[in-house]
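Presented below is the structure to which this report refers.
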Amino acid sequence: MDMFWGLLMSAILLGCTYTLVAVGFSLFFGVMDVVVFCCGDIAIFGSFAIMGAYVAMKSAGLFDSLPFVVCVALLLVIGAVFCAALGLVTYRFSIKPFQNSSELMPLLSTIAMGTIIKEILGLLFKPAVNTVSTALGGESALSVVSGRNPQGFPALLMPNGTVTERNITIIVITILILALLFLFLNRTKMGLSMQAISQNKELSLMTGINVSRIIIITFLIGGIMLAISGFLLGSYQKLMSFDDGAMYGAKGFSAAVVGGLRNTWGAVAGGMLLAFVEVFVSGYIPRGTSYASIVAFVVVVIFIVFKPEGIIGEKTAEKV
Amino acid sequence: MCSKSKLFSIFAVMFLTAGLLLVAGAAADAAVVKIGFLGPITGSDAAEGAAARNAFSLAINEANKSGEFKYKIEVIEVDDQSTENVAVAGAQEIVSDSAVVAASGFWNSGPAAASIPVFKESEIPLLIWGAIRETLTNKDNVPYITRSAPTDKQENIPLAAKVLDEFGYKDWFIVSDIGSYGDGNFNAFKAELASRKIAPLGEEQVPEDTTDLNAVAQKIKASGAKAVYCGSTVSIGSQLKRQLSDAGVKDILFCGISGMKTEDFLKIGVDAAEGALVVSPGIILEDSAKGRDFIKLYNAQGFSEPIGAYTPYAYEAALILVNALRDCGETPTAKAMTEAIPKSKTTGIMGTTTFNEIGQTENVAAYLNVVQDGVWVPLEKSEYQSGKRSFGGK
Amino acid sequence: MNDAGPNVLEIGGLDTSYGRIPMLRGVTLDVPSGHVCCVLGANGAGKTTLVKAILNMVKADAGSMKLDGKSMDAWPTHKRVEAGIALSAAAVGTFHKMTVEANLKMGAYYINDDSLLRERLEEIYISFPVLRERLQQKSGTLSGGERTMLAIARSVINKPKLLILDEPSLGLAPIMVETVFEIIRRLCAQQMSILLVEQNAQKALSIATTGYVLQKGAIVFAGSTDELRESEFAENPVM
């Protein structure tokens, strides 16, 4: 029984990490009708941005002069700014130019963008962070090793708490973010416009929604969300590698598909399903860990075959 | 008289200059001998690969500087990114260069196994400096493939002797990745257990890119194991150690293989990393005069990567190749090197390397390291040895 | 709202193309303020392209457009909507996952005053009683006639300067067509300026004051409805 609760906790946590990336996929797919494949890489970029900024702020001695909470908030803001900018760059260079071409083009170009983000982290993380922290800190500057090595994510979340407290905080923040996103999508004009665009782009134009502006805002918000995802991924995983984005991208995308690509809640359900299958297969089947990913992806395929509209997707396509 | 001698000296100077130019010209034409180097210079194992590359070129540069050779030795560096197809492409790049007489390569066993046929086919000798899967050296690969690093089996023997015979742990859970490095270690340690009639309480193999090992940690917790063996690289080893610690499994011995002994392992935090016991090939550099010289020499170059577990091996591999070149006269060929390497006897920083009938080194040196207060400490010098601290699971 | 001039909308020499294929060629058209102007034409004549071009959802290659005498050539779609052009096209569909009420509120995108919004919604419920019964229903589940009602209601909620109705009778049962035209007649009585694009010539002519006939992307007739009724075009059932 003890093991069951342990596995349950692990599954929920892992599900949170998948969900946070999956929501990015469904947000972008909703308004753009394209699969933005570099969501995972943007999230990893976010956690590297936070790690880099942490080193720079430590070098500058900000952690001694400012309260810890303020520093963490500052780090989150920096991560959010970087990811929002990256979201815009992704839109401007790998989606907008292909708006009128085949759907495969943005798919390919966002995969390419993911590789670029990954390689930028691998190649430039070290020189960029070390240059900045040397400039800020002079003699006391900290430095990081090559971006291709795993990076230790600083303990920013409940640094003095127990593991359980930290895990619960991660889950609570995830729920909070999803709730905020829900409120934003359903209670604000901008959120409703995003939903409107997702449901009927032509009618949205006719309604007077400034569609191109909403798209840009979506990428900003998606970027900020992915930055928070990166923060939570880092706090959960502790050791981050520059190429983790591909794995989170594949899992997040699968979760989003299982949940029905346009449906934000579906992404949550999909992320949880994937994580539960993985963790419980790994936990209860002897030598099952090597097969956990296979089983999880088989579940994805079964869902696509039998319920293509997603776990909680509704068949509400218009009768014409 | 005076003018005559002046004229003579002018002539002499001119003659000498011309002669020197001729010699220099001849040297520039014929005198480059190339050696290939392969390793994971980037990618997840970059810490080991890049440091090994540094040490390897360092040894070659030293040989060039010594003036002993009438030619210049050049290194062709190839980054295999720990990936098999990249490694094979790199091996092909090396063997296609006609000036190449030998190569040294590989920290990962998978890329090594995939590339060996390339070297055999083009009859270029390959000295493996860091890949430790047992089967890489075998009688079919004689005389082309030799290895100066101990195999995984060779590494597991001293570890098993320590934790099974000396410490006496009986309740084991064994974990590895499903790649060739992990699988090789997994089977080697399992064989050590079997030879002592111990059946593990549980075993688990995970895909190489796994980052979430919570389920495995829970499984270990539920199995009641007193000791965990992890035969994998640093990314999986460190995550497993941390997630065990997160799951509250602290009263347990965590031991593993040399792939984990990197600085990256320590990034999981002082508490989480504490007590990890890892076998390392080679010797404790700080404890011998030659080792200290090597550290001094390496650190004087200003490399950004610190010395890793296999850095001295890469250095020794270069010494072995240089030594073999000595037996190949003024114009070494790949054929001559193929004969010279297995017969060579090279004394380096870790003892004297000779090769057995299948090209495997006979010089096996290994020692144990433990994480104590967030740093790797040789077991002999640690508080675990002195009895001030103890491993869990007792 | 119709005293800005004689014509609410003036289009001159409008050309559009789809890729390299020309669609509209030199379309010139005026919608008189406070009246119904109808554009008749067969399938593929370019009617839908015309209404989309008015909202800049289809880019114009040449020509000029004026709303209340002001050139709107440089305005993007949302600005034209904000300026008071409403397009109702049942064929475009609804926001199918949203309720009828949410659809109506989306229609009132530029009404930021809550009390004004409530007032307008009340007016809509009086004019379209069938929608009141369906308020909390997802609009994807509505019948064809109800969807047409919703499309019209969505666009009149803003009290637009110019209401464009694209094929309101399309695919409806005769009884529903009657109801829809009853509503248009009522809007007409309120002096709303309407551009009615229809295939059903008889119905359209019964409420319009001026009419145009579009054939293969060009205007082939322009004049009063009386003139149009007497012309050769009125007899051609396919148009």
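Read from first to last, the chains carry the letters A, B and C; within each, the first residue is number 1.
Convention: contacts are C-beta pairs under 8 Å (C-beta built on N, C-alpha and C of every residue); 3 or more make two chains touch, one makes a residue touch a chain.
The structure presented is a predicted model; accordingly, all values stated were derived computationally and were not measured.
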Compare the CA centroid of subunit C with every other chain's and tell me the farthest one.
B
By Cα-centroid distance to the whole-protein Cα centroid, the innermost chain is A
Calculate how many whole Å lie between the centre of subunit A and the centre of subunit B, each centre taken as the average of the chain's C-alpha atoms.
37
For the pair subunit B and subunit C, the C-alpha centroid-to-centroid distance in angstrom is 77
So what's the Cα centroid distance for subunit A and subunit C, whole Å?
43
Two or more other chains are touched by the subunit A residues none
Shared-interface residues of subunit C (touching two or more other chains) are none
In their complex, what parts of subunit C are in touch with subunit A?
55, 57, 76-78, 81-82, 87, 89, 92-98, 102, 105-107, 109-110, 138, 140-141, 144, 154-155
Contacts from subunit A onto subunit B in the complex sit at residues 2-3, 6-7, 10, 13-14, 122, 145-146, 148-152, 155, 163, 167, 237-239, 241, 243-244, 247, 278-280, 282-283, 286-290, 292-293
Along subunit A, where are the residues that touch subunit C in the complex?
189, 192-193, 195-196, 199-200, 202-203, 205-211, 314, 316-320
Show me the residue ranges of subunit B that touch subunit A in the complex, using the header's touch definition.
42-44, 46-47, 50, 178, 202-207, 209-219, 221-222, 234-235, 238-239, 242, 245-248, 263-264, 267-269, 272, 304-305
